[in-house]
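Paired with chain B in one complex and with chain C in the other, chain A is shared by the two complexes that follow.
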Partner chain A sequence: MAARGCGGVWRRARQCGAGRPGPGPAPFPRRQRAVACNARGGAVPAGKSGLAPWIPVVGLEIHAQISSNSKLFSGSQVQFAAPPNSLVSFFDASLPGTLPVLNRRCVEAAVMTGLALNCSINKKSLFDRKHYFYADLPAGYQITQQRVPIAVNGSLSYSLCIDNKMSQMVTKTVRIKQIQLEQDSGKSLHDDTRCQTLVDLNRAGVGLMEVVMEPDMCSGEEAAAAVRELQLILQTLGSSQAVMAEGQLRVDANVSVHHPGEPYGVRTEVKNINSIRFLAKAVDYEIQRQIEELENGGTILNETRAFDSKLGCTVPMRDKEGKQDYRFMPEPNLPPLILYDAKSLPANMNHQQVINIDWIHERLPDLPSVKREKLVEQYGILPEHSFTLLNEDGLAEFFESVVNQTQMKPKKVIGWILNDLLSYLKQHSLTVKESPVSSFLLADLLNLLEKKEISSTAAKQVLVELWKGEGKTPLEIVKEQKLELLQDQKELEQICQAVIDGQENE
Partner chain B sequence: AALKDGLRSQVSAALKEGRVTPTELCQRCLALIKSTKFLNAYITVAEETALKQAEESEERYKRGMLVYGIPIAVKDKKNAAGIETTCASNMLKGYISPYNATVVQKLLDHGAVLLGKTNLDEFAMGSGSTDGVFGPVRNPWSYSKQYKEKSVPKCHSEDEESNWVITGGSSGGSAAAVSSFTCFAALGSDTGGSTRNPAAHCGVVGLKPTYGLISRHGLIPLVNSMDVPGILTRCVDDAAVLLGSLKKHDPKDSTTIQDDFKKKKLPNLTDVSKLSIGIPKEYHAPGLSSEILALWSKAADLFRNAGAKVVEVSLPHTPYSIVCYHVLCTAEVASNMARFDGLEYGHRSDTKDSTESMYAATRREGFNDVVRGRILSGNYFLLKQNYEKYFVKAQKVRRLIANDFVKVFRSGVDILLTPTTLSDAAPYTEFIQEDNRTRSAQDDILTQAANMAGLPAINVPTALSERGLPVGLQFIGRSFQEKQLLTVAKWFEKQVQFPVIQLEEVKRHDNAVFQHQKSASFS
Partner chain C sequence: QKVSVEVLEHLEHLALVDFRDSEGVERLQKAIQFADQLHQVNTDGVEPMDSVLEDRWCLYLREDDVTEGNCTKELLENAREKVEEYFVAPPGNIPLPKLEERKTFLQGS
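Let's turn to the complex of A and B:
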């Protein structure tokens, strides 16, 4: 049942997400989007009733764990899958009398991320306490940035393909409302059979960046593409490892639907999404569920729902967390966080003691969008190929390395990279780093092909041998299997003569 | 009393010259703690570790430490590694901290010997040191010759037992410990007057430093934005020595500042004619006893006669301080107390129906009514619908109160002179007639504006009341101008010649060394 529902939405959502080219970039992406969705008329699914179509609205709250040696406010190490409660300082365990001390690295990571997402960085931001009782929140409150976050008003451009065709890509923009620094919680492990809850505080106090994306998206596919782009940016910056499976990137989706011209519908929050693929599924399922609910005369509750990846559907969560009054209060133990730029930097200030936004800005690495442009420009490959190159960790580097070692044109190399290397790796669930064929070996092989020493068919044969990873060079394999193209006229004549002679004899 | 000055540095000198060893001194203090046990000043006496520290101190003597071998006590609200830290609450009974508060660490690093942890109101919420789980602290002056002579005739019909007076609070244990000679100095904490109030009632010096001068790391908080570690000693010089050993930027407390308060000895102020002393008229508060009022004007005259400029000033927002404090204090209390859920440490209820019911039972069993009441009102003020109306408004009033001080100091006033308390210490039986909230509101009235503004303030014991109990006056200084504040306080201390407490228990231990000790100071 659920799976079928998803299928239906998937088709519809894709149509919505693809859209026809709108009237060009507008200053208010949200309005533009609503119009775009709306203007398609037929493309937006009319309900069963055949009346007004539905416009889905999707906003995201993303928690990215900051990649740093120590936690946001304590000196404890940050490490995935360490023995339980082995990375817990007195502060992390909220022992009475302990105080938070802000980790410079976490601030720098948030500034980098803010700059990469076109945010304005607040020169003065504040920390607040958000109160709720939970076993894995030892202090009874989380330190966050509710009033004045470190970065605000940014945007993220992302691309997605239409109808799953790589050749048809559209670029969209989602507004970033804010980025705030906050503490991660610990983990509760519930043992239902023994009625126990075990608490692991290793994660408690790890630095998080909460990135709030405005409800500018309207399908699971858009949400997934936006998150994928964010993930690439974070990984490029090194501000977060952003591995969803390890919980370094956690996405909550706010979903609602409404009719054109009407205010936004009641929204639900979907949690427990742990891969980008599931994000698309969860959002699309939730959109479809809400439409069906409303068309059957029901109402949408403002509730938190969890995505069940096995069933492929969302289910209400029992906790009442969403309705709590968090009793926010300024964190009295942390002075305002003051950042400087080249202009405001005090002359006699110790550089170890201040963070200079301009200094960080100048040192930002190339972002994925710039890298793609450069790849397209430099190597003459298709834009969609540049996406594929960046989507696989290390693939762009592999490609460039091969290009640098061969005379073969990059446009031809890309075919070998995408059709042969990548599909082999995918088949065997390997990462680029785990590839049995190094860029050096592949370049060697392509050079043989380029010099016309072997045929393209032979090259593929050699590659099959190379995958075995037996340490042979392409040339050795060619010689062993006698795959060389014959270039000696006389030798060729002799062979031909021999064939003809054989014929005659018969 | 003249003896007092002459012997001022004798304990320290005796220690340095080896005429008395830290171990001997420590043993004598421990003996005195035992014979004054009825005061209930200490929650934990760390006999073993104290003697060990004294021994170590002897080995490290040559390093010329600031408080070498000096026995001290610490309010049981600061963490000291390996010793129970209870905050006088069921919630933390038996809780042994794994780390030292920065102030404790610094004192130990400077060669001090930690005798034990002193009694207080539960989590420092109170002004009498009567509301802790270990029972009330008794003011040593209740047993002094001075009090007995003056007050007993008046109420001789009553049982002497019911006659004892409170220490004030919440650092009453620390004040009583210093006052009864069981230690040479003690650390308290001061959020609304918790160091100065008991110092006034117990006839000792109580210094509340500028917010941000001394690290709060390891001090279990009441109100983070107002808390400061307090210093209780028998003379101003000692307070200056202790301050010198404690103050310094602490990377573990982001609210501490870098500062240049030198560890030099306080100068003897000979000329006060360049001083401008402000007398804030709002401190003539309802309920101020005529005795204290008279003493206050006498003190003003003392300065005037010595050539200082004495001016009446106005701090117009002072009357709003108490309500404002109530909102800010309870809000932070509600937040700070949230960590006591019985999971990581402290008391945990046996209730096992659910995590929530375990929390509820733990907190009901662990906290007294006063703490629970403050948590309740604090959470009310922080509710979304109330936040602007109460918390934000209180913060604005706090700013106005702070600005009052700024204006007065900008007008050329150097130091403010005020009473510390409305009256001398009340008998326990009388004190407990009123509830904690009413008492705190009354008793903090003259002290907590300095906390709102973060200013340094000091109680200097001034005279004995008609009942033979100590009365103190308060000096409030400019931010981070501790040196000026202490210098003026020292001059005043010298003029008033506050009498030494005459205690039977101390007399019994009277010998050469205790002569030194009795005479007040170590600096």
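Let's turn to the complex of A and C:
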């Protein structure tokens, strides 16, 4: 199996007369991007500009907050936006004499995720301490899995549109290096005016799954598509709600560039990326910045940079004290985590204390890729349609509901869902659940159309009326606006004749 | 083998310990010497042990119930400074000044 999914190359065209980019606080000047990553994977030869091509390399570290009632090692609640320090146990605050107790649900979430990403689940995994000082890490260390994580060596397949055309989709794969369980830190609110930091430990100790993706990607678009697919998988499994806006899914990107045939370049780490859209921008900006820096004879520092979404650029992060020495050591308070499968299941053991990997495997739900295939097979819709259906929360269910309530062929229904319903929802920033038009109403309308009681133009008119959400049925609107199709031959002849007569009089 | 000043400074920086005087450094050297005796044992082909319990299952798994928390007042009692119900900390890590900038015994070494 090909490890690297991308042989794509970037080339920068130097604008005529452009001098060296000047230093200063302004974001790095953006030049015209010459060639985007070649989605087909072929290397693009050095072209007219004569400059050697660049290969960007992008790896991702993703932290997904585990969807559980309580924290990874303590019984305090996991909840977004609660009064500060109200969801904190003595262990979370690192008071002396407290000990970690592993939450079973968190382990199951990690196993599910590992299985869904085709990983090998380590039947024995270990916990370690990663030491560093920060106000939101009261213990002075984070409990993580550095030596032997719970899952390793998986893969994630995702799809991209070539040239922005949805009709041309290509599938790529990124290797998953590992998945590890670890604690989240508390939250620091920086109060620059009073020169202090306010610390809220509600988040301290919440369970995280860190998913490490190998540097198999080569553009912001690929990184964004991979993360989007991971997000859908996590949401389908229920192991994480993965809402980036609530910090349940955090992505750090590792970016470097090099010439074909040469060793990998120095990489930078980009943090503070708050949405999938910004992820693509941040990665693309950083690739561009590194190429320009190197082509101008500069060097890339192995540093951590933050993405500034307002300026659309990456800036070096403050507070970075050079290379960190985390002094990893085994967590002395936690013995190894042992998982079982059907073969190794011990007899005479309390069920509650046993996690059976095979049992979890059997109960995995259909992953997004499988759901899409089923939609295409069952309803005869196009693959790109299935992507859009799954991309919007609740849309696939809405579509199936309509199909079940109408005689219209799914291939025709899909047009109404994707073109009419979805565009309206997008225009008004509504989710499918908030739609003023229910699947029942839409099916009703499509039935009128299917029975040829109204024309498709009339149907669109009725839909506009239905959006108002005034509670009228399609039939009522049709009658109100007199949109029925005339079927009576004689009546039609009379109308045509009248029109012709009218014309003759002019 | 003596521990170099660079390593001592690195340790002070990492662990925020203060070796303070030659006695502190001596104690460290002795501790390292003591632990170094382990090198006399041939461990070729032997997996490192991380628990005396070895492969016997014993990591207790807790049910995912909410049983703790809601003790903001108690936790904040320990805080020297607080704002509303937040702990107060300096704006960022205050790095230990470099060796040259400190009055420390290590300078003389």
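Miscellaneous remarks
In this section, the second predicted complex is superposed on the first by the 436 of 506 C-alpha atoms of A that agree within 3 Å, B and C clash if a C-alpha of one lies under 4 Å from a C-alpha of the other, contacts with A are read in each partner's own complex, and residues count from 1 in each chain.
Convention: contacts are C-beta pairs under 8 Å (C-beta built on N, C-alpha and C of every residue); 3 or more make two chains touch, one makes a residue touch a chain.
On a predicted model such as this, the values are computed, not experimentally measured, just so you know.
In the superposition on chain A, contact of A:A93 is made with both chain B and chain C.
In the superposition on chain A, contact is made by A:S76 with chain C only, not with chain B.
Look at A:L422: by the touch rule set out above, it reaches neither chain B nor chain C. Of the two partner chains placed by the overlay, neither chain B nor chain C lies in contact with A:L441.
Contacts of A:N333 after superposition on the shared chain: chain B is touched, whereas chain C is not. Shared-chain residue A:A135: touches chain B and chain C both. Contact comparison for chain A: of chain B and chain C, C touches the greater number of residues.
Legend: residue contacts after superposition of the two complexes on their common chain; A:V199 is shown touching both chain B and chain C. In the superposition on chain A, contact is made by A:S68 with chain C only, not with chain B. Judged by the touch definition given at the top, the superposed model places A:V101 against both chain B and chain C. When both complexes are aligned on chain A by C-alpha atoms, chain A residues 90, 93, 101-102, 131, 133, 135, 197, 199, 325, 327, 334-335 touch chain B in the first and chain C in the second.
Only residues 10, 14-16, 50-51, 53, 55, 57-72, 75-76, 83-93, 95 of chain C touch chain A when the two sit together in their complex. Contacts from chain A toward chain B in the complex involve residues 90, 93-102, 129, 131, 133, 135, 138-141, 197, 199, 325, 327-329, 332-335. Note for the complex: chain A touches chain C at residues 68-70, 74-77, 83-91, 93, 101-107, 124, 126, 131, 133-135, 188-192, 195-201, 318-319, 321, 325, 327, 330, 334-338, 346, 349, 352-353, 355.
Residues 78-79, 85, 87, 92, 97-99, 101, 216-221, 223-225, 251-255, 331-332, 334-335, 337-341, 343-345, 355-356, 359, 379, 382-384, 387, 391 of chain B are the ones touching chain A in the complex.
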